[in-house]
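The first chain written gets the first letter, and so on, giving A, B, C and D; residue counts start at 1 in each chain.
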Amino acid sequence: MIDKRVATLADAVAGVADGSTVLVGGFGNSGVPVELVHALLEQGAGDLTVVTNNAGSGESDVAALIRERRVRKIICSYPRSAGSVWFEKFWRAGEIELELVPQGTLSERMRAAGAGLGGFFTPTGADSLLAEGKEVRVLDGRRQVFERPLPADVALVKADRADRWGNLVYRTAARNFGPTMATAAALTVVQVREFVELGALDPEAVVTPGIFVDRVVQVAP
Amino acid sequence: MIDKRVATLADAVAGVADGSTVLVGGFGNSGVPVELVHALLEQGAGDLTVVTNNAGSGESDVAALIRERRVRKIICSYPRSAGSVWFEKFWRAGEIELELVPQGTLSERMRAAGAGLGGFFTPTGADSLLAEGKEVRVLDGRRQVFERPLPADVALVKADRADRWGNLVYRTAARNFGPTMATAAALTVVQVREFVELGALDPEAVVTPGIFVDRVVQVAP
Amino acid sequence: MTAPRLSAVDVARRVARDIPDGSYVNLGIGLPTLVADVVGPDKEIVYHSENGVLGMGPAPAPGEEDPELINAGKQPVTLLPGGAFCHHTDAFVMMRGGHIDVSVLGAFQVAENGDLANWATDEAALPPAVGGAMDLAVGARQVLVVTTHTTRDGRPKLLPRCTYPLTAAAVVDRVYTDLAVLDVSPGGFVVREVAPGVTPEALQAVTGARLTFAPDLTVVRPD
Amino acid sequence: MTAPRLSAVDVARRVARDIPDGSYVNLGIGLPTLVADVVGPDKEIVYHSENGVLGMGPAPAPGEEDPELINAGKQPVTLLPGGAFCHHTDAFVMMRGGHIDVSVLGAFQVAENGDLANWATDEAALPPAVGGAMDLAVGARQVLVVTTHTTRDGRPKLLPRCTYPLTAAAVVDRVYTDLAVLDVSPGGFVVREVAPGVTPEALQAVTGARLTFAPDLTVVRPD
């Protein structure tokens, strides 16, 4: 019997260890697993490497993790926003490490981890500062930089509906990094708006098959 | 106005040049764009490199292309089947070239082409004859072989339904190579069972967005 | 330079004229976004956003916003019939894989060989941020840049070589500024059009790179 | 070797016992396919097929076949509630990316260090063909091999080193034959179980590699 549903947010993030690499879905305020991130804050894991597109905003989710000094390092494409005050404060003080990755490369590196690949060459950023220290090779007539997979211990993802096998569908642009992050982590934890019966999701339209999902928790919208 | 629908199979394959690399979808008899391949036979292009999982069977589709000596080279994972008599005949006579690629690598190489990547390292086949002459590197503690993108001039794909923008959905396991091949070719040609109105396909469930599709033709089931 | 500069909307209108019917287009944050507002109703354009939206429609009516349905600039958008959602990795397959016909980007600097600098300045006080700029610059079939011709304090943005960190090398096809439309050619910038009242001498005076003027140089018609 | 060999179904039953409830499993073409028929109803197993089916159910009733809904062996299958379709590239992400718990494969040869040869012999008359064998061998968390202990003409398949071309190096975890169940350990093959009536000496006599026998060696119980 496969049942990946868990009863509480605390169950969902149970066991996340200090020093973990944690993927956090979302782009801007779309598709952010806010409740899971707050549960992780509550759970207490620290010394985290957080991989997420932005570096949090205001006092919520990733910004709160940073504020509470749980984050050793951020791997992201765009840490700067109107509300990214906690990140900027610690960054200026040299108290948080930043690895800046072009957005498509960030996503592709997580995909490579989930796909069992050893890395890939991409033209993105090959002529930029972000290629410094990396292997660059001319392939198909253009300079390309070698990028390595980005695997993680935990992924926190927000989806819309799930069944007990962990099959997922998303809503509009909230899909963003979720499907890729779900493949790249040893433990994939998902919050959804609604549980549905097994068989209720159209097999032609499942976006993340349950094979990539470990725990699902329902969060009231 | 975007309208990728064409009226006839001849229109669908018009302009395919001698010497083209042609991706042909399908796995066994599932998802094979039979009518498009026959239209290509009729159209007359020769000296083709055909990329497809199997090497045709019986007297139909890819087997017919081979029989009529249109195929210079096959790139595939599994050319051998009960009915692959035409391929075997020419292969024994040294009259057709074979590039054998592990199935996942075949798919991933087409994906790399569609994704604008310069290549990737994969553990698949790294310790096998199929890695001979290729760069092998130890990454993440295992031997991995460098594989290059596999782009094409034309892709022939079978889907189930399409709208005039070329958005596609498939049916069951007939999906197989279609979504990846559609991204990897300069000209992607699709046969579908049914045309639907723009907006009739659920935007959450479109499998191949029209951006990857150039021509769609309806074929009576 | 005393001639009036073109307004941002006029520049957007000029860009819109160059976008063919049926194109797949990504509009960068800022000035480029204006282009969608001025493309004629005779054209069917599919707008792509790197967060996984293909086929964006106009901004939603006030009160109709869906907080999850946003564009790359984090503004609420709508989806047209025929639009579709995809995940981030696939959205970047579209970009990096050469499937976007036209990418319209902003710029800090453009060099005469097409080098683009639009993600970082030499300012060290702010943390660096790149987003999807590098993917858009290397992947689109055509890269169009929309920018003011000079910085706020009058320094030129079109240069022999970029002094800011590069986004990508030799990628820009055409530049639309508030003073001119310029193509990047093997011989450097070729001015195709100038804003009304702008002389070649005056344009050269506010440009860092050496300009060539097209034999059929015309005045920008924004409409 | 005069003791009766285990039947293919008995071997499949023995394999089935080792597959935990809730596993994601890929069954190779041929002997491994039998495993699905004998897994107990107390277990919920999600069967994966590399052509893009996750959650395969039993074979359809005669006349109910869908010609497009097939497995990797090109046989018609069904989809269980909770099953889903994906494209080929994603199906191989599942395989190569380590998401399949158990891969059950056939073999021509297995070496004592876990090397697997199951895609090509030294026969040059037939065109080579590989399919998904290499992806399955490198990607699954556990690689189980089901094979007859010897070839049809009595030559051993469990060897110090494979003589046929390798599928993958050092990947096999356990081998189930019609004579024994053997683990691949750092010291070579360790026999865990033998078929009824098979003595260690007799097993060694039909095995190319040097065998170690587990201290708790038992007789195979297929049920």
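We adopt the following convention: contacts are C-beta pairs under 8 Å (C-beta built on N, C-alpha and C of every residue); 3 or more make two chains touch, one makes a residue touch a chain.
What you see is a predicted model; the values in this text were computed from it and never measured.
**Student:** Spelling it out: a chain qualifies if it touches chain A and also touches chain C; which chains qualify?
**Tutor:** Touches both chain A and chain C: B.
**Student:** Distance from the CA centroid of chain A to that of chain D, rounded to the nearest Å?
**Tutor:** One centre to the other, that is 35 Å.
**Student:** On a C-alpha centroid basis, what's the spacing between chain A and chain B, in Å?
**Tutor:** 32
**Student:** Can you work out the whole-Å distance between the CA centroids of chain C and chain D?
**Tutor:** So the centre of chain C lies 56 Å away from the centre of chain D.
**Student:** Using the touch rule from the top of the page, what residues of chain C touch 2 or more other chains?
**Tutor:** 79, 85-86, 92, 95-96, 138-139
**Student:** Check each residue of chain A and list the ones that touch at least two other chains.
**Tutor:** 108, 111, 115-117, 122-123, 142, 170-172, 204, 207
**Student:** Could you run through all the chain pairs that touch each other?
**Tutor:** A-B, A-C, A-D, B-C, B-D
**Student:** In the complex of these two chains, what residues of chain B are touching chain D?
**Tutor:** 27-31, 55, 77-80, 87-88, 91-92, 98, 100-105, 107-108, 110-111, 122-130, 142-143, 170-180, 207
**Student:** In their shared complex, at which residues does chain A touch chain D?
**Tutor:** So the residues of chain A touching chain D come out as 1-2, 111, 113-117, 163-165, 167, 183, 198-199, 201, 203-204, 206, 209-212.
**Student:** Give every residue of chain D touching chain B within the complex, in rising order.
**Tutor:** 49-53, 66-70, 74, 79, 85-89, 92, 95-96, 115, 119-120, 125-135, 138-139, 165-169
**Student:** Of all residues in chain C, which touch chain B in the complex?
**Tutor:** 21-22, 24, 44, 46, 48, 54-55, 79, 81-86, 92-100, 138-139
**Student:** In their shared complex, at which residues does chain A touch chain B?
**Tutor:** 108, 112, 115-123, 137, 139-140, 142, 144, 148-149, 169-172, 202, 204-205, 207
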